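You will see subunit A twice below: alongside subunit B first, and alongside subunit C after that.
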Partner chain A sequence: MGLPVRLFDAVIVGGGGSGMRAALELARADLKVAVLSKVFPTRSHTVAAQGGVAASLGNIDEDNWHWHMYDTVKGSDYLGDQDAIEFMCRKANEVVYELEHLGMPFDRLAGGKIYQRPFGGHMRDYGVSPVPRACAAADRTGHALLHTLYQANLKARTQFFVEWMALDLIRAQDGSVLGVTALEMETGEVMILQAKATVFATGGAGRIFAASTNAFINTGDGLGMAARAGIPLQDLEFWQFHPTGVAGAGVLITEGVRGEGGYLLNKNGERFMERYAPNAKDLASRDVVARAMATEIKEGRGAGKDGDCILLKLDHLGEETISKRLPGIREIAKKFANVDPVKDPIPVVPTCHYQMGGIPTNYHGQVVVPKNGNPESVVPGFYAAGECSCVSVHGANRLGCNSLLDLLVFGKSAGEKVIQDLKQDGKSHRALPNDAGELTLSRLARLDGQKSGERVAEVSADMRRTMQQHCGVFRFPDLLTEGVRKIKDVAERVSRTGISDKSRTFNTARVEALELDNLVETAVASLVSAEARKESRGSHDRADFHQRDDANWMKHTLWFKQGSRLEYKPVHTQPLSVETFEPKARVY
Partner chain B sequence: MRFSIYRYNPEADDKPRMQAYDVALEPTDRMLLDALVRIKAHDDTLSFRRSCREGVCGSDAMNINGKNGLACITRIADLREPVQIRPLPGLPVVRDLIVDMSQFFKQYDSVKPYLVNNDPPPEKERLQSPQDREELDGLYECILCACCSTSCPSFWWNPDKFVGPAGLLQAYRFIADTRDQATNERLDNLEDPYRLFRCHSIMNCVDVCPKGLNPTRAIGKIKDLLVKRTV
Partner chain C sequence: MGDVDRVRWRCRRGLLELDLVLGEFLERCYGGLDADGRRLFDELLEQPDNDLLDLAMGRSEPPPRYRALVAMLRGAGEPAPM
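Entry: the complex of A and B
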């Protein structure tokens, strides 16, 4: 049975920040574009970003892109690619001003310029002291950004396929990408969306962890599709644990709280970050702060009745500042932590937040894989941007506010690259391979035909527990080894799940089962990559190899689903126009 | 805890029914969404939308004990049992708690919810004073959950003609923006017995908005501007 086929110049999978930024670029080029989104676009997870978008506008204090670049390279613990990082930091002002021109309601300074606040790891003069670099709309920057991009796309008449879930990548014999299969959730219909260019903007897979700031929809769909189609996943051992998730609930409390002057306390009321990062203190990099907090808790200085959280104090900022600059935080704290931060500190714990790794790309958004000795051979017709991609600008640890910047810069450059490639070589569609859609049909047939089987909810809970226990802030050799075994078991079980709902109309049980296929690829990749990396770097902290080992490990991991095999490729240490920032000890 | 949940699957049911559930909740289940997710773990046929689970994405709007709200920020402890859960009223039901929101989004689109400024953009940002920016507070925060419009009797009667509180709030968000140059066109677009003037200040919208926004006030300001324009 063949699937119906629809033809487009470009298909963008994902309607979050990077997908809509790419769509906006394509809309200006008179191409036939489809943007697929599992949810109505403004419900994408970009909406939950709070603190700001990084750009060295210098609206408050002197700043420049080279300082931003230095901070990002240092923040990445020297695993970030310096060409891509230079590219991103140099483009930052441009993409932020563009957003303002589109109508983004940034907060303003007295003279009318965009308001900026300090953020973790963003410093003046190559690491000397914090600089206000986070361009903010209160603590709802992601909401303001995502809605602005959606509105701009409405104006540009972008064609959205809302509540469509892409299921599998379609590749030609020579490896080129020819589109995706996709499920229309409302009708249950499946079809092939064939395209000359396929852009993945599917976001992260933060839902592989039990304690996560991520939305339910962050199931790594792009990563799963790529992995099943033979594309490797890069650097997935690097997961960011955000220092301040609400204890127990996981909901994010922005670093902007500390940017505005809030700080962390242990149970003794000690401002412990002064011991771990004497210079930047609470505004050190996220990996550093998360580890410090976990250490305080581990050593018995955690707060709360079970001693398992840290307190985030901000009452001294005063009700006026809190209501003006951090209104969403106050709302969240009241609802999810039962505290009013105007009076009481918020109990927080490090919580899985961001996936530094992803589908390997270059800074044009082209997906690159090893081929014939070239570690970065372009996959024709395939692009990725935003959290699902690994450019890599974040390396082993992302700086706050660099995620919104990443999705703007690389969403845009992926869009530009698609236009350029289609102009050069995009006259007609290629023939689909005979087996296009077969993988998808077999996955769906399995779910439809399965009479019994483990519940999806149970297996996914086991996956999340395994990741949480075996691949957290601190990593131990025995736990990693055992974790690899356990997660491979979970992956086996995923292929035998059963759902009782067999209907076509908005079958969310089926969607969740299909999402689990994607989540588990990411989870296996993460644990296998983490177990193999015998050093500590950025967010990957091993008890048995406690130091960074540049001689042996300053390289990117590539995980292939086939045989769960690993390869490595070099870090780009050569920037585009400036000198290399040589690795050195990372102190804040 | 006891729940009574609206169920309807067009493939299997002739008409909607209420299904009773009695579930043992865990201490970590604090919000209604936690309870729904737990129910779904046992009965995977129960269908509802959800995403951020923190009240910012607007996916899980539903009618809870008679009042529209977001499941993810509705505390279980505050709910009377059995908790009656129905889809948002006034929109066609696709399945269970999932409604067809096309009409709602069509009205949102109809106000041209994007900045119109025909001047060539400056090299840097357009300047806007903090006071002018403050005019957008209480407007730009809308998450398009549709709690307001689907609690509005005027929207129930005329969903194709009355823009509804969510759309009108966004119309005013751009009217109020000093960077926008299309105020006159925006007012023209609303000067109509139905589009704007079906609002009778019943204020259900204000009562249910999970973000604490006030569409009625924004609608009042649009009406004021129309009056000012004619005198």
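Entry: the complex of A and C
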């Protein structure tokens, strides 16, 4: 075994919000912490979060964590684990104040308290009326959060490995996690980063869809590594979509466009929302609009040369209204859709935004898997937080502003749990298995040696198209069945990809091939899990099973790479200190 | 020298919009830059994502030294002139 080894107390994979929050906790406890990040940490995808952090500070109107908890359970369509949700909502104020003390530039009220604004789904009195609960830093909350955490980590002497990509998890015979293999992009060198604790904070895999708001770095690296190492992936049939992203680009067109009088057309120029929602029409709720768009496309009335998009018309509003009421929309449409909306409609499509599922964890951030009849046996040495994890606080659908809260609360609790575990059992590093690093070396050797391999860009595009057509915002049984077959074919092809550039330094072709290895695990897990779930719940919306089916389906999905097998485990309906919120119809 | 590859990777950002704009720029414009232009582009890539996007979308104006570069960046997402 020839790979160089470096030793740390903790290795954190991912330098976004959750990774840096976990790192801060650990570095402040004087542990030797390494954070690996594919890009400079402040350029992580957390930067895209604008809305804010949800916390029941009650700075504007009366509020409390019970109401926030109710909203989150209801938003999750009762698939969220109620112990974890209580934990998160109760911790919200604490993590927000900590951030404030670290220097986060929150918007403030005249008296100096943190300003809060209302956000969809956040209500008072158990769903009665909206309450201002979002704490924001203008429209740059994610950016401010990353900068605040990065500075705090520098002070605490966290060691950053920037432009490093983790490749595989290293597990001992007994299943404990002992670290990762990783590639330094600048030199092409592969190394083992051995640790007493390994924390995954790698973000989501939103790039599995053709239409995605996610940055290119969101390739689900943690999910791929976990799946290859025998860890199941949880609830990946649940993806949040936004109805109107620019077709072919993914950039969001605000719902404000329809609010101002813009409307949707199919290829025949028909204003089809009149058929689906005769009263609300284009102002119907997000899921109704997205479902109608998907139905038009499936039934052959989609626009564009491939019939796979819908047209958003706003030229009738006039140039003046468009620039006054919808600032920036014209520039976005021109730049990313190549149309001037003053003259022509914008091609749009339901666009993937957030991954609710992920690596199964408990609310301490420990990764849990079924073992000897226990559905949630802890994997020693392995932790996960943020979008890559499934705690599960978002269940079948996520409320706005709960994602930043999730990464702060569970980044911190994973850090705290690591500290506690290392105190008990962390004197020295365990010996690495003899075959540590072999999986990685064989994957790299396969890629370098592949003769007449499949092109990464082509296979990748086929994966995204398959996911979009077969496992999109509204799901049809025939398309799901065919989709499972197709995505398994794609996965087969991923194992035969080849690259022509074999150089070592900054070989982006190699990195993209390795990213595709990760993406495809999430893609297969999502399609297989979606096909199997015969109900509609939260973001999983099926044409053949319209209703939520609590009797048969109030359970979490676990997908195992080995044999692409599914198992299920119960939802935690018992909160920590309050009574269970019993399932009700989810109406707003 | 893997310089172009290094720049290519640094055009991977936290915001999708920048991935798209910078990707186009690499395809269309980067090859035509001289050494000074490339050095300036390296510098520009050090900007935070939001600031860089504001520049690219014309929501803010660059310091004089970046003006020519930012003009190219603004054109990068639009259809190529025939």
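One rule holds in what follows: the second predicted complex is superposed on the first by the 480 of 588 C-alpha atoms of A that agree within 3 Å, B and C clash if a C-alpha of one lies under 4 Å from a C-alpha of the other, contacts with A are read in each partner's own complex, and residues count from 1 in each chain.
Everything below uses one rule, namely that a contact is a pair of C-beta atoms (placed from the backbone, for glycine too) under 8 Å apart; a residue touches a chain by one contact, two chains touch by 3 or more.
Fair warning: this is a prediction, and the values are worked out from it, not measured in the lab.
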{"item": "First (subunit B), second (subunit C), both or neither touched by A:Lys334", "value": "second"}
{"item": "First (subunit B), second (subunit C), both or neither touched by A:Arg455", "value": "first"}
{"item": "First, second, both or neither for A:Lys155, with subunit B first and subunit C second", "value": "first"}
{"item": "First, second, both or neither for A:Ala48, with subunit B first and subunit C second", "value": "both"}
{"item": "Between subunit B and subunit C, more extensive residue contact with subunit A", "value": "B"}
{"item": "Subunit B versus subunit C as contact partner of A:Ala110, first or second or both or neither", "value": "first"}
{"item": "Which superposed partner A:Ala226 touches (first subunit B, second subunit C, both, neither)", "value": "neither"}
{"item": "Touching partner for A:Ala84 - first (subunit B), second (subunit C), both, neither", "value": "neither"}
{"item": "First (subunit B), second (subunit C), both or neither touched by A:Ser503", "value": "both"}
{"item": "Partner chain in contact with A:Leu102 - subunit B first, subunit C second, else both or neither", "value": "first"}
{"item": "Footprint overlap on subunit A, where subunit B in one structure and subunit C in the other make contact", "value": "39, 42-45, 47-48, 140, 143, 147, 186, 215-217, 249, 251, 328, 331-332, 335-336, 503, 505-508"}
{"item": "Subunit A partner contacts - residues on subunit B that touch it in the complex", "value": "9-12, 28, 30, 40-41, 43-45, 47-59, 73, 75, 94-96, 98, 101, 105, 109, 112-115, 117, 121, 123-130, 132-133, 136, 140-141, 143-144, 174, 177, 179-180"}
{"item": "Residues of subunit C that touch subunit A when the two form their complex", "value": "2, 5-6, 8-10, 12-21, 48-50, 57-59, 77-79"}
{"item": "Residues of subunit A defined as touching subunit B within the complex", "value": "39-40, 42-45, 47-48, 57, 93, 96-98, 100-103, 105-114, 137, 140, 143-144, 147, 151-152, 154-155, 186, 215-217, 248-249, 251-252, 328, 331-332, 335-336, 455-458, 499-501, 503-509, 512"}
{"item": "Complex interface listing, subunit A residues touching subunit C", "value": "38-39, 42-48, 140, 142-143, 146-147, 163, 185-186, 212-217, 249-251, 328, 331-332, 334-336, 338, 503, 505-508, 511"}
